[in-house]
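Chain nomenclature is as follows: A, B, C, D, E and F, assigned in order of appearance, with residue numbering initiated at 1 for each chain independently.
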Amino acid sequence: MRILIINPNSSAPMTRSIEETARRVCSSGTDITAACPPDSPLSIEGHSDGALAAYHMLRLTDQSDPADGYVVACFDDTGVDALRERLAGPVLGIGEAAMHAATMLACRFSVLTTLERSVPIIEDNAARYGLGIRCRGVHASDLPVLALEESGDDSAFSIIREAATRILKKDRSDALVLGCGGMTHFAERLGNELGVPVVDGVSTAVRFVESLIGLNLGTSKAGGYAYPREKTSPISKEDSHA
Amino acid sequence: MRILIINPNSSAPMTRSIEETARRVCSSGTDITAACPPDSPLSIEGHSDGALAAYHMLRLTDQSDPADGYVVACFDDTGVDALRERLAGPVLGIGEAAMHAATMLACRFSVLTTLERSVPIIEDNAARYGLGIRCRGVHASDLPVLALEESGDDSAFSIIREAATRILKKDRSDALVLGCGGMTHFAERLGNELGVPVVDGVSTAVRFVESLIGLNLGTSKAGGYAYPREKTSPISKEDSHA
Amino acid sequence: MRILIINPNSSAPMTRSIEETARRVCSSGTDITAACPPDSPLSIEGHSDGALAAYHMLRLTDQSDPADGYVVACFDDTGVDALRERLAGPVLGIGEAAMHAATMLACRFSVLTTLERSVPIIEDNAARYGLGIRCRGVHASDLPVLALEESGDDSAFSIIREAATRILKKDRSDALVLGCGGMTHFAERLGNELGVPVVDGVSTAVRFVESLIGLNLGTSKAGGYAYPREKTSPISKEDSHA
Amino acid sequence: MRILIINPNSSAPMTRSIEETARRVCSSGTDITAACPPDSPLSIEGHSDGALAAYHMLRLTDQSDPADGYVVACFDDTGVDALRERLAGPVLGIGEAAMHAATMLACRFSVLTTLERSVPIIEDNAARYGLGIRCRGVHASDLPVLALEESGDDSAFSIIREAATRILKKDRSDALVLGCGGMTHFAERLGNELGVPVVDGVSTAVRFVESLIGLNLGTSKAGGYAYPREKTSPISKEDSHA
Amino acid sequence: MRILIINPNSSAPMTRSIEETARRVCSSGTDITAACPPDSPLSIEGHSDGALAAYHMLRLTDQSDPADGYVVACFDDTGVDALRERLAGPVLGIGEAAMHAATMLACRFSVLTTLERSVPIIEDNAARYGLGIRCRGVHASDLPVLALEESGDDSAFSIIREAATRILKKDRSDALVLGCGGMTHFAERLGNELGVPVVDGVSTAVRFVESLIGLNLGTSKAGGYAYPREKTSPISKEDSHA
Amino acid sequence: MRILIINPNSSAPMTRSIEETARRVCSSGTDITAACPPDSPLSIEGHSDGALAAYHMLRLTDQSDPADGYVVACFDDTGVDALRERLAGPVLGIGEAAMHAATMLACRFSVLTTLERSVPIIEDNAARYGLGIRCRGVHASDLPVLALEESGDDSAFSIIREAATRILKKDRSDALVLGCGGMTHFAERLGNELGVPVVDGVSTAVRFVESLIGLNLGTSKAGGYAYPREKTSPISKEDSHA
């Protein structure tokens, strides 16, 4: 079974880090490839980066061989709905994967993301996925995505751990969701130190997509995710912009 | 990895059928056992059956060797929260597993369950899981759980297929969720005939629990699912009821 | 008119205290009996205790003479739906009674319960009853149910009063709901000292059930609370577990 | 104990009918008076009638001796919040009383009111009281309030019964809520014929207010229902409108 | 085009201040008149003031020449639904206008109103308008409406600015909504000093009503806002109160 | 004042038609330009078209002179959040403009869009804007966007009118929202024939954006819509994809 992980941003080091995590956690026999659109923003910070990335992801998948399933490795679940329309295999965002999983493990969870500007995007997603009451808070560490790579791991880890400890206490939550694909490699160590489930979206999405593929379940092609219709204009586009 | 599937009702044939499905869909290397509490109701039809079953499930798991993860094979997700408190491995109800999965595959889904009396229970669960807008309707086939076994498979299948076709059209839904553990063996055939994803909770829950186990994620022991406290009364119980 | 109050836990002293409160507040002519299932947990702290208690409550009512109405004296409203299926008279949980009453008296209310682990259960109930915006917070005093009995009344009362004062101010709420059947005897004194309505679920539920009985209104037997169906298995249970 | 029932409209026959119902269902020892503001609209059909009636109700209660508790006998719960600010005793609308009671008796209920224009008002109230999922529909009989009096009882009853039967089936609801104070006298007969609980707001509100009074619970005077502040303008009103 | 602004309270200075603001911000060609009902409360502080004001507003508009559109200049949107029934032109409350506008300008906004007792009214409105997740908090400055006039502008402005700064930070909101018609004249200066959009309901409502009039859009006369029916009682009112 | 209307699809005829409508309804002194990205899909039918269009819209506005305000002329409100981040003037989608306006004019409204696949997108938007209870239904005419141009106006108008009549009756709604920018030119005629407000998003959005510009209100630059940060990677992109 082949899973394509699409890192919406164009950071190759983060893509490699995500690929490493995914290969470590996937089932034996699963073939993982991680790719990122070279022309995408270097990191996804907000709606505008997300919209640019969605476009480049659609081009990337159009030009790639079909995989059996797909993971979108941005916690904002950028472009997931759009990809679902064009692909037959299951497509899963790491945000929805992690948040759904957290509801299976804990009464209440909190999300720790990078920047304040991503908070309303994640709140809106959580509301749309219907997880409002389960999710007691979405918080920013104020550590940008790229700084997660730059800063020595220990320094970034300390900041994340300190923020996680604080928000779990403030929110009285029983589990932590890592709200960025770039925090993937911290999940296990953080879980050990915090003593509660720490849910990483990349790992969870890979395993959930494996599950859906294994069950022969793909994206529905009968409704809102049906393939886009071929459109032929009654008026030539050349004329339109003459 | 060992997964214990608990069929809340005491129907051994249904338990065996569930076990067969689970073994067919699980990953290689997963050891599946399905069990049912012998003193539970023969089928779970409503809140009262559910409350009786929850008690017997707690006794069953207390007396069983710990597994790595657990599936509760009733679409009402009977007793799932209670089990989570007493168990360290992940515990997943087939209702939540199927409904979360359906949101990953389709814009809108409908649920087909057995009896009308289960409809508000499932509606309440869907609301609590926050899936209201994704779930366009919960419908009853009026075919009781046990009749799914009794009636020749072809007869039951025809009723289910006819009802499924009708509700997908009425609700304009893109996927069907099978709202009863006893419909498990119909999922694949139904999916082929309907041309949309047909999500079976048993299969999905098995794969999702495998996923969580594989990621070393268990039930949080720090909050609402912490182990029950030992209680010692200041007043002896004998005295209490003297 | 005869009302049976079922204390889900097996604490006889608490049951007697609840019975005393109920007899003091009920209308003249109402015959109050309080009972508790002897094999139930000593206190209801979380989902697992609640599931055990629900089972024992069903057995208790099966073995009791029918009453005209029923009160379930645990703020989690443990087993209320299950009891409604098996009983014709109205059945009311003290959680729902108190929270509905609070909306009749105040724009916004807060709940003070015992342990943190009960908070998400009560939050979920409040959401299900639709009281989200009216209920500004559910808080734990960290005083376990049984400690309410053990500690001298003055000591426990001081803790409760201090916590109540703090949360009313923090939440800017106009009324307090006592979130545990074991706090019943504090209600009047606390109301006098705080100067806002302090709603006790036991008293309120008794009076509301009296109201429904007086109006000849019982539990609907036509839908989700209809009597459980008799089930006869096509396959003998002995065979099932052979 | 003295309860004042305020019929927001100025129909004396309806006021008398409401008073009769209330006296029949109240506890012994309760002194019921029903009154209506003589200058109010003849029936409350929509927001504008409701706003006029609220004003006249405030004047009526300002000029009346204080009662121990109050019932507002319009299903729209017209003016209830305003009255709560000016009165110390509990104030209950028949809409909220009936809808809260219905959730205590049935999994799902439907409301039958008079005119289509009242439907969104009741829907908004139900949403505000948080009863959305419990209330499966609000329907109009197209029989105006005053026609309930005019038409011979048998003719109006037939229309109501026919509409009730139809909507219970369509909504698959287990209880009916009568959505108008003018339907009060039909409740018992309708309940007998339909075989499900038929909840009348007038009766229910009277008993619930009795309950709250009996528990020494009044309207909170500490927050949103505190007494209106005395206002003294820095600028004389005469000057203002000179 | 003629717009009538109705200040629900009877403060002539505030009415003049509102009129000045409106005339300053309206389009050229728009004829603005602001009026207040002379017998209304001096300020609208809570539900009771609001109910009195609604009545006087209905009388005021009944006695006024029809305008092309109407603005209700109280942030509680007092009487707006009632006015809509009796008027053909669009009617807009300053609360809804400002809150809808804020969602067009910012991801998340906070409301700053006068007194704590108005907070639940505005929260309820925001919930009814469906803005829950966009509105991160409704806060009181504890400066009553009339004090906004009395205190020298600089003193009142300092209090408002200090409160605004504090709540924007606490709520992490990107825009401020002024929750009182009496704060209108502070909007521009406050926006300059805070560096985020400061939305004033009076200005916004005037422009939005202009927009609707310009588009020939008036209040629907076909449903819940249809004109009130003429009512003729079968029984003379004289007889009713004989 | 200059407003740029961005038609997300690349249909020049539709862009011209939108521009004509906008110029007809705008205030005197407003300078309207409508443009469409030449490489965008010919019509926006679903998430994938929307994602492609969002990208091209961002490029279009990056290359255009800044306007004072912006309208996005697709009822799905495609790319609106992304544009808000990059632009200082107010940005309004025709979907949100029309749905907010409808709540100002009618108790309940229905939306008529083109294809079934757009229904869940609009439902999700309505839920996110919080208009759930006000919006009684989103319906498809099954007339694709481009067919609105192709078919003679009379033929398309007949289909729209017939569908509108049917859904207003079925939903018991008091106003109709036209759920596609391509229906703009039908609004007035349809409103005349149906006798209820027919809200067109293009016209409404133009007037609302004029309003916001006139009030000096722009997109907040302090939070979720702040300008995207400049990002400099620690690792050269060339290296990344070497």
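Keep this in mind: a residue touches a chain if its C-beta (ideal position, glycine included) is under 8 Å from a C-beta of that chain, and two chains touch if they have at least 3 such contacts.
None of these values were measured; they are calculated from a predicted model.
Asker: Copies chain C and chain D touch; is their interface built from the same residue numbers (over half shared) or different ones?
Answerer: same
Asker: Have a look at C-E, C-D or B-C and name the one that copies the A-B interface, over half of its contact pairs being the same.
Answerer: Answer for A-B: the repeating interface is C-D.
Asker: Measuring centre to centre with CA averages, how many angstrom lie between chain A and chain F?
Answerer: A distance of 28 Å separates the two centres.
Asker: Report, in whole Å, the distance between the mean C-alpha point of chain D and the mean C-alpha point of chain F.
Answerer: 42
Asker: What positions in chain C touch 2 or more of the other chains?
Answerer: 107-108, 116, 119-120, 124, 127-128, 133, 172, 223-226
Asker: Counting only chain pairs that touch, give me the topology of the graph as line, ring, star, complete or other.
Answerer: Shape of the chain contacts: other, as it matches none of the listed patterns.
Asker: Could you list, by residue number, the parts of chain B that touch chain C in their complex?
Answerer: Against chain C, chain B makes touches at 10-13, 38, 41-43, 45-52, 54-55, 58, 79, 81-86, 116-117, 119-121, 124, 127-128, 144, 146, 149-150, 223-226, 228-229, 231, 233-235, 237, 239-241.
Asker: Can you list the residues on chain D that touch chain C in the complex?
Answerer: Per the touch definition, chain D meets chain C at residues 25, 27, 90-92, 96, 100-101, 103-108, 128-134, 172-175, 188, 191, 195-197, 199-200, 203-204, 207-208, 210-212, 214-226.
Asker: Touching chain B in the complex: which residues of chain D?
Answerer: 107-108, 133, 172
Asker: Can you name the residues of chain C that touch chain A in the complex?
Answerer: 116, 119-120, 123-124, 127
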